[in-house]
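The same chain A turns up in both complexes below, where it pairs with chain B and then with chain C.
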Partner chain A sequence: MTRYLRLLGLQLRTSALLAAQYRFDFFVDAAISLFWTATAVVPLFVVYGEETRPGIPGWSFGEALVVTACFILLQGVLDGAINPGLQAVIDHIRKGTLDFVLLKPADAQFLVSTSRFMLWRVFSLVTSGIVFGIAFHQIGHGPSVLGVLTALVLFAVATLLLYSLWILIISAAFIVVKVDNLTYLFSSIFDAARWPSSVFRGAVKFFFTFVIPLAVMTTFPAEALLGRLAPMTLVSSIGGAFVFAAVARRIWLRSIGHYTSAGG
Partner chain B sequence: MKTFAALRAIPTLLKIGFSEAVAYRAEMLVWVFATTMPLIMMMLWTTVAEASPVVGQGGKQWGSGAFVAYFLSVFIVRQLISAWAAWEINFEVRQGMLSMRLLRPMHPVLSFAMSNLAYMPMRAVVTLPVFAILLVTELSRMTAQWQVWLLWPLALIGGWLITFFANVAIGSLSFFIDSSIKIMDVWLAAFFVFSGYLFPLELFPEWLRIAAQWLPFRYQIGLPVELMTGQLTVEAALPLLARQYTWAGLMVVASLLLWRSGIKRFQAFGG
Partner chain C sequence: MIRLSGLRKHYRVHKRPPGLKAALKSLFKREYEIVKAVDGIDFSISPGERVGFLGPNGAGKTTTLKMASGLLHPTSGEVTVDGHTPQKRENEFLKKIMLVMGQKQQLMWDLPPADTYELNRAIYDVPRADFTKRLKELTELLELGELVTKPTRQLSLGERMKCELAGALIHGPKVLFLDEPTIGLDVSMQVAMRDFIRRYNEEHGATLILTSHYMDDVAALCPRVIVIDKGALSFDGKLEDLVTQVRPEKRLTLRFSAPVSREQVAELGTIVKHEPAQAVLLVKQSAMNAAVAKALATLPVQDLNVENPPLEEVMSELFSRSRAAREVA
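Moving on, here comes the complex of A and B:
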């Protein structure tokens, strides 16, 4: 265990060195992050643009803004911590260099998923913080301590879910090799998480709650912050995420068992 | 003589591109499915309009049906005007693969254009089911004026020209800077907001709508969609088409200038 913690520290340090090497990227990332935040928020202003517009049923402007802030935060996690490492795996699989990772005396899933972090993406903490601030200013009162704690737990759950989904996509890469655009497909589906899940009905709602659990990732944390999340939902989200992660791990082990390297 | 030779090569280029599209059809389908945004926005807006219709700036009442017609049209138009040359150029410049294109006796931008265009037949086939759904469910909301349908392909071509040459311009930036794809991200973010991709521009506040009139983005998606859904008459559409082609012309000039000054800096020997 301590060995893996040390490894994680080492991997983080190389990423930090890399980030320090490209300092100019910080400004580029910050500017892009601000820009993306603006475009994430503009549609809300249009939906709630005028007094007469009904808006999303069951969500006031401020409350919907809390969901958007959760979305921006998670997108930062996805782009900064999850995407880069797993993008590297896809390249490894295509080039056949995954062998070098597999040869190392540590768990391959751990190694590939910690291989690269885009540290400048922490800037999305700032932008989501700003949006959270505006949202709770609109609502008129801040979240309760219990609400914040529950939301933090749910963010951890959401990260685990995102990560597991990613592992599943990577496992697909072993079979179809050319999956650069599967990652793009996933990002574009993740975009739906910027809206409260009550927007979706019927089969789509089911899909976004149980198959690709976007509702768990942004709507539930927002509801926790707003103090209206049922305790049962929290418990089942945590349980569900662990089941999801376990399944993803099994599928990863299976597909890595079938890996035949390049030319195989 | 040189232009003539290049023109003669076009059918072959298109044929190569088309076989590529057929070979990578699964990949292309994933790209098409990744265009989920209009469908998500459709669900969002129909939910919003359920309680009471959304009133636009022009006084038009947007009910659920109007949003369905609008966003299905957006989906179709997005497929038909798409171009991805910025990523291709960026990739080839970084990998040094551009040298191969430079060896051919024709302008590299032309070969990029043809390989992008060659995907259109396949993309059009993919949009057919959506078109069918649109006509079956929301026929009454589509324009009934045949003159407007004549202008529609023109608007699509103009939209594609803007998209493609903006791609070339941003792709050419990779001769100068490392992060041209990040600039593409910024362009895309602005495109999403101002093109009518996320919401009909009519729902914008007045000042943003004026801004959108002057930016290129609404001529990529908004104009063809508004033509299809009967929001524009022929008289109203003609000045907009003129603006669209002005933007297309500006993009052509800007991108070719950028390309020309950038290509001088390109020196990939050995990749």
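Moving on, here comes the complex of A and C:
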């Protein structure tokens, strides 16, 4: 365990070195982060813009803004910590350089997942913090300590879920040639997480709760912050995330067993 | 150290004739064929041996190396390396081996090689003192100097390859799988790499399997060669024996102090080239002594040279023979 923590530290150091090589990226990323924050918030103004519009049932403007802040935060985690390493796997598979990863005496899933972080994306923490601030200002009171702690647990659950979903997509790269399409599809679907899950009905709601659990990722942490999350929902979210992670791990191991390498 | 028995790797490959009709048909009904990349190979290699692994493109060399290093799972048969089954990818096994592929690189492109080495040190659990000592040794042997602190993208191909090799050896492996390690390098760099590999083998007693299309690599490094073609073993033995088997003749070059006619030279062997002042002949090894004695006694010989035919020619002939045999079959 300590060995892997040490390795994680070293991988972060490597990413920091890379980030320092391209410091211009910091300014670009900061600008992009602000832009995406704006695009994440604008639809809410459309929905809640006029008093005649009903908004989202059960969610005031401030409450819906909490979901948006959760979305911005998670998007930052996805773009900064999950996407870069796993995107690199696709390149590795195409170029055949995954060989080098698989020949290392350490867990290959760990090595690829931690191979690259986009540290500048930490800027999303700042922008989501601003949106959280505005949201709770609108609501009129801040979250409780228990609410914040529960939300932190749910963010960890959401990160695990996102990561597991990505591992499942990346595992497809061992079989499908153009996995890019799948990653675009997933990014588009993830976009739906900016809305409280109650906007979805029927089969779509089922899909976004159990198949691609977007509700768990942003709506549940928001509900925890707003102090209205049922304890059973928390427990089942944690359980569900671990099942997802176990399935993803199993499929990853099967996939690398079928790895055929490239070239030569 | 390395033992392969009945090793096979078969792939199921989608097969389709050209054309739109066939493409549309293949969407619903696909035909497959089995490609036998490696089809029953047996050999064993002792600790410290240097073995050249030869064969034409698509012979199955790289597939075999990948099975021996644990990257690919064999369809059937067995491979063991120092008592380990490679496909299990046990950490203990992975720490003993290295694989260098001339056409692929593991160094991080935007960072200096030193950063990749540091990461490898942690992954391979190399104690700091051993790492420092080994890096110093590799830096001296490969004359890396300042290269390890320059971003990889700024290095030339040769410099990068030297740094790749150092990165692959930082954990002190006992088994070296080298797949075309000198590809694309200029002649002086090839010589430097060969010298280094030989020294590493001698000093560390490492076992080495080398595939290369440069026969000079093989001649300089590998007393033993294994030839495979179409996934099957076609020769395993000393390099000289392979040469003798494929080309039983040696090349006799004669330079004359006075013009000599073609007829006079023809008595000695098969003429490859003839000029009044020089002749190149192919002479059976068993008849070489007599031919040299006769030339010295009857012709105005100023200088003579006896040598094996170039290895490239030997291999080219070997591969074209096996191609012809396949076509007949």
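Here is the rule we go by: the second predicted complex is superposed on the first by the 262 of 264 C-alpha atoms of A that agree within 3 Å, B and C clash if a C-alpha of one lies under 4 Å from a C-alpha of the other, contacts with A are read in each partner's own complex, and residues count from 1 in each chain.
Quick note on the criterion: contacts are C-beta pairs under 8 Å (C-beta built on N, C-alpha and C of every residue); 3 or more make two chains touch, one makes a residue touch a chain.
Keep in mind that what you see is a predicted model, and the values were worked out from it rather than measured.
**Q** Label the relationship between chain B and chain C on chain A in the superposed model as either fit or clash.
**A** fit
**Q** Check whether chain B or chain C contacts more residues of chain A in the superposed model.
**A** Counting contacted residues of chain A, the larger count belongs to B.
**Q** Touching A:Ser144, do we find chain B (first), chain C (second), both, or neither?
**A** A:Ser144 sits against neither chain B nor chain C.
**Q** Touch test for A:Ala106: chain B only (first), chain C only (second), both, or neither?
**A** So A:Ala106 only meets chain C here.
**Q** Would you sort A:Ala192 into first (chain B), second (chain C), both or neither based on which partner it touches?
**A** So A:Ala192 only meets chain B here.
**Q** Now for A:Gly257: first (chain B), second (chain C), both, or neither, which partner does it touch?
**A** second
**Q** At the CA centre of chain A, how far apart in angle are the CA centres of chain B and chain C, to the nearest 10 degrees?
**A** The angle comes out at 90 degrees.
**Q** Does chain B (first) or chain C (second) touch A:Ser236, or do both, or does neither?
**A** So A:Ser236 meets neither chain B nor chain C here.
**Q** Output check: A:Thr39 vs chain B and chain C. Expected answer is one of first, second, both, neither. What do you get?
**A** After superposition on chain A, A:Thr39 lies in contact with chain B alone.
**Q** Look across chain B and chain C in the superposition and give the shortest C-alpha distance you find, in Å.
**A** 9
**Q** Over in the complex, which chain C residues touch chain A? Could you list them?
**A** For this pair, the touching residues of chain C are 11, 61-63, 66, 69-73, 89, 91-92, 94-95, 97-99, 101, 103-106, 108, 110-111, 115, 118-120, 122-125, 151, 179.
**Q** Under the definition above, what is the set of chain B residues touching chain A in their complex?
**A** Per the touch definition, chain B meets chain A at residues 26-27, 30-31, 33-37, 40-41, 43-45, 47-52, 54-55, 179, 182, 185-186, 189-190, 192-193, 198-199, 203-205.
**Q** Please output the residues of chain A touching chain C within their complex, sorted ascending.
**A** On the chain A side, the touching residues are 3, 6-7, 10-11, 14, 17-18, 21-22, 95-97, 99-100, 102-106, 111, 257, 259-261, 263-264.
**Q** Can you tell me which positions in chain A touch chain B when the two form their complex?
**A** Touching chain B: residues 25, 28-29, 31-32, 35-36, 38-39, 42-43, 46-47, 49-50, 52-57, 176, 178, 181-182, 184-185, 188-189, 191-192, 195, 198-201, 204 of chain A.
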